[in-house]
Structures are given as C-alpha cells and as structure tokens.
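Once you scroll down, you'll see the structures, which are given as structure tokens.
Shared chain: chain A. Partners: chain B in the first complex, chain C in the second.
Coming up: the complex of A and B.
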C-alpha cells in the first residue's frame, strides 16, 4: 500500500473511532446498522465484484445465522460465546449447500440464487412452530464480552468496529492474493483461466462459501444489534439491496460496499420521514443507479482523480 | 387414495397457471435475452386491472382482455424507456426490472390496498363439478386446466408450425443471422414482448380468481415461474410445459404432506437439476 493509502486508512479509522463522541445514540445506532449492512454488501461483492456472479440469496445466510444465534440464546440459554459461532457455522453450512449454484453462470446463477433464497424465507415463514413465524424471535440479549456488557449503542458500535477492522484486513489480503487474482481472471475470461489450468469451479465454490461466511457474520452482528429477527431478514429485498449497495458504492472495492450502504440506508432513513411511497422510492433508486451511476461512488471518484492527474501531466 | 387424486388435480390446475406465467417469461428471454424480474409485477397489475373491470362491468372475459392489454401497454413503455438502456447486460436488466417491480408493487398497494382480493368468475364457472370416482372439484379450476392446455397447444402450434414461429425460433438461435436475411427483428421483438406481457397480464386475471391478489403476490408467482424455467430450461416453450407440471405437482403434494415445509419442496427439483443438468431439461447453452 502507498503512503497515501495508509494516511487515508488512518484518517478513516480516527473518524470511525470519534463517531460516538459527536453523534447521539440514534445516529450511532444508524451508523452501526450501515456498517453491518455494508458487511453484507461486501460479502455479496466478493462474488459480484471479483468473480462476476450476481448472487441474490445472501440474505438467506444472514438470516439463518441470525436465527441460529437467537434461538440458541433465547430458548436454550446458550451463552453468546457458543451461540455466535454456532450461528456463523449454520450460515456458512447453508452456503456450502447453496454453493452448488456456481455450477451455473450468468443469468441462470441470478435466477437460481433468487429461488434458493426464497425457499429459506418460505421455510422460516411457514415453519412457525420452530421459527416463530411472522413474529420471529424476540429479546435476544446483547453479548457480554470479557465482563463488558455491550448494551449501550456506543459499546456495541465499538464492538462492531473491532470486528470489521479484523475482517477488512483479512478481506484485503484475500482479494490481493493469488486466489483473488484468479477470481478476477475468471470474471474476465473463464475459458482462458480453464485453459491455463486453473480449477475455476473449485475457486468459485470456495469464494461462494467465504462470501456466505461473511454474510453470516453480518447476520450475527445484526441479531445482536436489532435484538430481534423475523423472516423479513431472509427476504429477497434484503439480498438485492445488498447487491445495489455494492454497486452504488463501487463494486470490486473494499470501501465501496460500505459507502453504498451509507448512501442507501441514509437515503431511505431520510426519505421515509416525509414520503409515503417507500418501496417505490427504493425502486427508483435501483433504476437511477443502473441508468446514471453504474460505477458507483468509487468509480466516480476514480474517474475524477484520473482526469485531474492527466490534466496535470498535460500542463 | 382420493386425497392423492385430489392433490394431483390441484397440482395440474396450478401447473396450468404456472405455464401461463412462465411461458411469457421464457419466450421473452429466449428471443430478446431479457430477464424480466418485473414479470410477477406484470401478473399482479394485470390481475388488479381485471379485478377493477369485473367490479365495474361484471364481465370476466372483458377483464381478461383488459388485464392483458394494460400490461402490454406497460410492457411497451418499459421496453422503450427502460430496458433499452440495459442492452444485453443481465445484471443491469435484473436491477432495473427489480426496481420497476418495487415501484409497480407500491403503486398497486396505494391503489388497491393491502388486503387479499379475489376476482369474481362468471356464474357457470362457480360451484363444483362431480368427477368420476366420487370426486367433487371446483369447476373454475377445471376450466383453468382446459384453458391452460388450449393456450399451450396454440402457442406450441404457432411456435413450431407457422412461419412466424420459425422466424422466432431462428431468432432464439441466432438473431444477427435472422436480421441479415432481411427480417425486421425489431418488429419481431415488439411482437414477442407484447405476447409475453399479454400472457403475464392475462394470467394475473385468471390466477387472481383462485389464488388471491395481494402485495407480495408478485414475488411469490415470480419465484414459482423461475423454478419452472430453471427446471424446464430458459427459453424453451416445451420446457415451460414440463417444468410447470413438475413444479405444480410437487407443490400440491408438498402442501398436502408437509405443510410447514411446502417451500422446501421447491428446493428439491432445483437441487437435483443443478447436480445433474444445470441448463434445465430443455435448455441449451447461450
């Protein structure tokens, strides 16, 4: 990484640490939510931005992880130290099963992941004796970490921040590794990668499972943040909004999905205070993004920077 | 035994509706390579328009025509002003049409409200019919089976036995080549797109008379239609027929035997297919 990038990360980290000092608990809560959904968008973007496959079932991993943690803690009194990893495991295991979708490409992949995700929503919704149906699972306790109870918005925010710092560092190593390069090679031309001797199917399988793991992590954080989970968490809008967030912010980047999540949730929060047509506004945001901002905030920033640089060199 | 027979008829009548919905989706993908995630929203809007027409005039046949034509107009505008910008990019098409479906669903919610609504069918289709073997079954759903079969036969004959069908099939295989032979492909696209829209709107009307129309119904029917085309193979009319039968029957028996897991039953055919034949039964590599 260049010096500039290190400085950027430092500034960002300082700003993130300072948030609770300036924002009240409402805004700290909203920013926590933005970070959690940003992580979900990042999970989706590992497939979309690097491997070139658009998955619309990641809410399923998110939701199954959240349910598993919630049910273990609320109904069986299992401590968070066991319930949270169990949630991660359950979501990732579902990812291993759904990873069979990588046998398909392009439009088939989109359609199949949509249908697979819907099955999970349907089971959560109908199997009410176990999942609580529409009401879901309520009163999930905030976790206690080494004697520190994370029950204020500030404490929980810092907890999410620490988790994200670790995950993002690992994510960066992953996408810069030969594995990440191979994924982008598959996105550019799978037939070429195959003829070069790469086991493309295996790479996509592993990428899908890792991305399901990240979505599960977001799900566990979400259930602790929200203290409640119902089938809406597995629904199609959650999955497809995560895709949109990644694109809005800048697909294929690390910061992009978080920027997209901030723009999207910020916009929704703001609009819902004065417009009745919530879903229609979200729909228009989808359409506007595809038509006018397909490269997202990061793509736009990159273009401006490139223009300035080329302008400087010609002068 | 009677139970199983009853479920089989349930499955077949649901399959008839699924075929109507899925055939439009698969046709427009086959020729124009357009994934239309708003196909379910088309269904819902068609159903709602039909409902209003039935309430105003009491004429069910007029409702079918009105629902279909309303969606043809909507679809034409969407093709012209929205999908044109997406080109052949499936990702852009998906997000655009998902956004469109959100908008349409929300507008429908504000016009027709959030309750589950059902269309009134004509007098002679109400009530039940006695079938051989002491089975009494709703007349409307039997009529739906007949209607589905007629539409399937007509579509199949047009697709396989007429010159128009031959041109469409050629377009599915290689549209540049078709254009090179002097056929106006743009006009062909408008025609097939209108047909797909009409099928969606019309199925909303006939479906709204035995399922209900409600917010969210657009995604339920879309997912069923997607499973049908995944099983049958994208772009294949025959695939939509077989796929609809498989999904309809599985769904009926699933609801009967495992009510809490009825959605899970949909997972099975997809899983088997993915492992054995990822392109679907009749699918070809695109």
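Coming up: the complex of A and C.
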C-alpha cells in the first residue's frame, strides 16, 4: 500500500471515530445505518464488481440472519453471544443453498436470484405463526459487550465501526488474493479461465457463500440497530437498492458501496423531508450516475485525479 | 497403441444438428511431435481442437493424453493433465494488467488459486515466471499495462504467453499468426520453432510456408474428415491436397 493510501485510511478512520462527537444521536444513527447498508452493498459487490454476476436476492440472507437472531433472543431468551452467530450461520447456510444460482449466467442469474429472493420474502410474510407476519419481531434487545450495554446511538455506532474495520481489512486481503483475482478473471473471460485449468463454477460458488455471509453480518447488525425486523427486510427493493448503492458508489472498490449507501440513504432522508416523490429523485440521480459516471463516485474521482495529475505533469 | 504417444484421438465426431463438423477423426501424435493441421475454411479444424481440449464434448469417439483416458474429463481437468492452448480469436483478460493475466495463468493448475488470506503480490515467483514468459514472447516492457491498451499483435503474443506459462505438455495453437504482419509472423514462427521438444505441438495454420516449415507431419482436414496425413513433402505433392487446398491440379 502506498503512503498516500495509508494517510487516506488514517484520515478516514479519524473522521469515523469523531462522528459522534460532532453529530447528534440522530445523525450518528443515520450514519450507522449507512454503514450497515454499505456492508450489504459490499456483499453484493463481491459478486457484481469482482465476479461479474448481479445478484438480486441478498436481502434474503440479510433478513434470514436478522430474523434468526431476533426470534432466538426475543422468543427463546437465547443470549446475543449465541443468537448473533446463529443468525450469521442461518444466513450463510441459505447462501450455500442459493449458491446453486451460479450455474447460470447473465440475465438468467438475475432472474433466478430474483425468484429465490421472493421465496424468502413470501415465507416471512405468510408464515406468520413463526415469523410474526407483517408485524415481524419487535423489541430485540441490544447486546451487552464486555459489560458495556450498546443501547445508545454512540455506543452502537462504535460497535458497528469496529466490526466493519475487521471485515474491511479481511475483504481487502480477499480481493487482492489469488482467489480474488480468479473472480475478476471469470468476469473478464470465463472461457479462458476454464482453458487455464479453473473449475470456474466452484470459485463462483465459494464467492457467493462468502458474499451471503457478509450480507448476513449486515443483517445481524441491522436487527440490533433497528431492534425490530419485518418482511420488508427481505423484499426485492432492498436487494436492488444494495445493487444500486454499489454501482453509484463504484463497483469493484471497497469504499464505493459505502459511498453509494451514503448518497442513497442521505438523499432519501434529506429529500423525503420536502418532496413526496423522493424515490423519483433517487432514480434521477442513479440515471445521471450511469450516464455520466458509469464507474460510480469512486471511478469519477479517480478520473478527475488522473486528469489533474496528467495536467500537472505536462505543465 | 504406444505409450509414448502424447495424444490419441480415436474416431472423434462432432455433430451440430444435421452438420457433421468433425467426422470420425483419428490422430496419433508422438511425444515431441510438431503436427500441423491444415484445411480450407469450415473444414472443422477449430471444432476438432475444441473437442480435444474439452471446450466441446464430442458426439462420439475417445481421447487420451499420454495414455490417460480423458474423454469424460471436463476442460479444466484436461488442462491439469497438461493441455495448453491458444484461441483463434484472442481470448485474454482485457480489463486486467498483462501481469495479472499471466499470474492467473500461473495459478490455474495449482492449489494456489484457492488462497484467500494472502495478497497475490506475496508470490514473487509468479511475477518472475510472468516476466520470463513475457520475455519469451517479446512483451516484457508491457508487463504493467492493461490489456485493452495493447495492440492486436501484442494480444496475440500475450495469448501465446498465457499458454506457455502453465508449462503444458501438449500445446494446441489455433492459428497463432492470424492477422499479424509478416514481421510479427516471423517472430511468432521463430518462437514456436524454438520451443523445446518436451512440448508436443498441434497447430492449425493457413500459411502454407509456415505450416510446412514447422511441421514434422501434416494432417489435412476437409469437410470434417482427415483426407490425408503425411510429411510436409508428401502433402505438398499430394494431388487431392493440391485440389482442395491450393485449388489447383
């Protein structure tokens, strides 16, 4: 990593640590939400930005993890130390099953993940004796960590931040590893990968399961943040929003999905306070991104920087 | 059938609907041999290659590599047995750097492709092998470039480097010189001619001078079937070949 990158990460970390000092609990809460959905977008982007497959069922892993943790804690009194890993396990296990989608490519992959996602949403919505139906599961207690109850917005924010720091460090290693390069190779030319000796479907399967694990982690954080979960968390719009966040922020990057999540949720919060059609505004922003900055905010920033650098060197 | 045969193709056919693209082809390639396959457009040369390397499943027939039966093996497993290939139309990783192209090729048949906890930069030998393979094809100064910025000819060179870095035992070259300028052709021709005899080579080539200059033996394919097989001299003199290939009697 270059010195500039280290400095960038340092500045970012300091800014992140300082957030609760400057922002009130409302804004701290919103930023926590941005981080959690950013993680969901990052999970989707492992498939989209690296392997080149667009999944629209990741809300299912997110939601199943959230429900599992919520039901275990609220109805069965299971402590968070067991309920949270159980949620992660359940979401990831669903990922193992849904990973059969990697037998398909392109639009068929999108369609099959769409269908799989709807199955989960439908079950949560209709099987009300188990899931609570439309009402979902309420009053999920925030976990207590080493004697520290994470019940204030500030404490919970720092908790999410620590989890993310660990996950992002691991994600960074993953995408720079031979395995990560393998995924980008599959995206670039699967036929060439096969002829070089790669059983590409196995790599995609593993990537999909890792991606489902990350989405599940976001789901567990979400249920603790929200203290409530209902079938909306598994719905199609959540899956699609995660995809849009990744694209808007910059697909194939680590920071991009979080920037996308910030733009998306920030806009929704801000615009919805004075325009009723806030979804239309977000739609226009997305269209503008695709037309003028197809590589998202990160790609746009990179282009501007490169132009400035080359401009400086010719001067 | 001798154990020294690098490749045995026995009665391979490939049928697409009503079309017999490959019709009952049998080949025995000795270890270290340079075999050139010629034939007019649509003769089934590339389809035959696809059937042997595993891109396509033959409709019938059987295949073995150094005595190992591989008819039922998928393409990636055949690569692991020692097959390397280039494509007729350059099939390289456009959005990746030249170095990453070669590093991918370098981990293709090793367990390293599953490593997740270490940066690929940590494997210095992969970079060294990439550089060596680029030097071989004359592309060493392009190592850090993204492939989409390479010229057509350079992509052909990279295509060859990708096939060579995995140390294949049998190399399939599908018109490696297609679309190149005469000087670029010369360079690729010399490179192929200079490969060690430990690599068995099957090559599809349209340029008769290159083909006959490089070949130990030549197989002529027409309408999916082998019409004649022999030394370059025999092929040059063969009346049927002169008719279907050179268009003269």
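Keep in mind that, in the parts below, the second predicted complex is superposed on the first by the 302 of 315 C-alpha atoms of A that agree within 3 Å, B and C clash if a C-alpha of one lies under 4 Å from a C-alpha of the other, contacts with A are read in each partner's own complex, and residues count from 1 in each chain.
Basically, contacts are C-beta pairs under 8 Å (C-beta built on N, C-alpha and C of every residue); 3 or more make two chains touch, one makes a residue touch a chain.
Treat the numbers as computed from the prediction; the structure is a model and nothing was measured.
Trainee: Quick check for you: in the superposed arrangement, does A:293 touch first (chain B), second (chain C), both or neither?
Mentor: neither
Trainee: Is A:267 contacted by the first partner chain B, the second partner chain C, both or neither?
Mentor: In the superposition, A:267 contacts neither chain B nor chain C.
Trainee: With the two complexes superposed on chain A, say which partner A:86 touches: chain B (first), chain C (second), both, or neither.
Mentor: Neither partner.
Trainee: Which chain makes contact with more of the residues of chain A, chain B or else chain C?
Mentor: B
Trainee: Is A:127 touching anything from chain B or chain C once the two structures are fitted on A? First, second, both or neither.
Mentor: first
Trainee: Considering only the touch criterion stated at the top, classify A:278 as touching first (chain B), second (chain C), both, or neither.
Mentor: first
Trainee: Give every residue of chain A touching chain B within the complex, in rising order.
Mentor: 54, 56, 100-101, 103-104, 106-108, 110-112, 114-116, 118-119, 121-123, 125-129, 236-237, 240, 243-244, 247, 276-280, 282-287, 289-291, 294
Trainee: Across the complex, what residues on chain C touch chain A?
Mentor: Residues of chain C touching chain A: 53-55, 74-77, 79-80, 85, 87, 91-96, 100, 103-105, 107-109, 112-121, 123, 162, 166.
Trainee: In their complex, what parts of chain A are in touch with chain C?
Mentor: 173-174, 176-182, 184-185, 187-189, 191-200, 203
Trainee: Touching residues of chain B toward chain A in the complex: what are they?
Mentor: For chain B paired with chain A, touching residues are 29, 35, 82, 85-86, 90-92, 94-96, 98-107, 109-110, 219, 223, 226-227, 229-230, 234, 259-264, 266-267, 270-271, 274-275, 278-279, 286.
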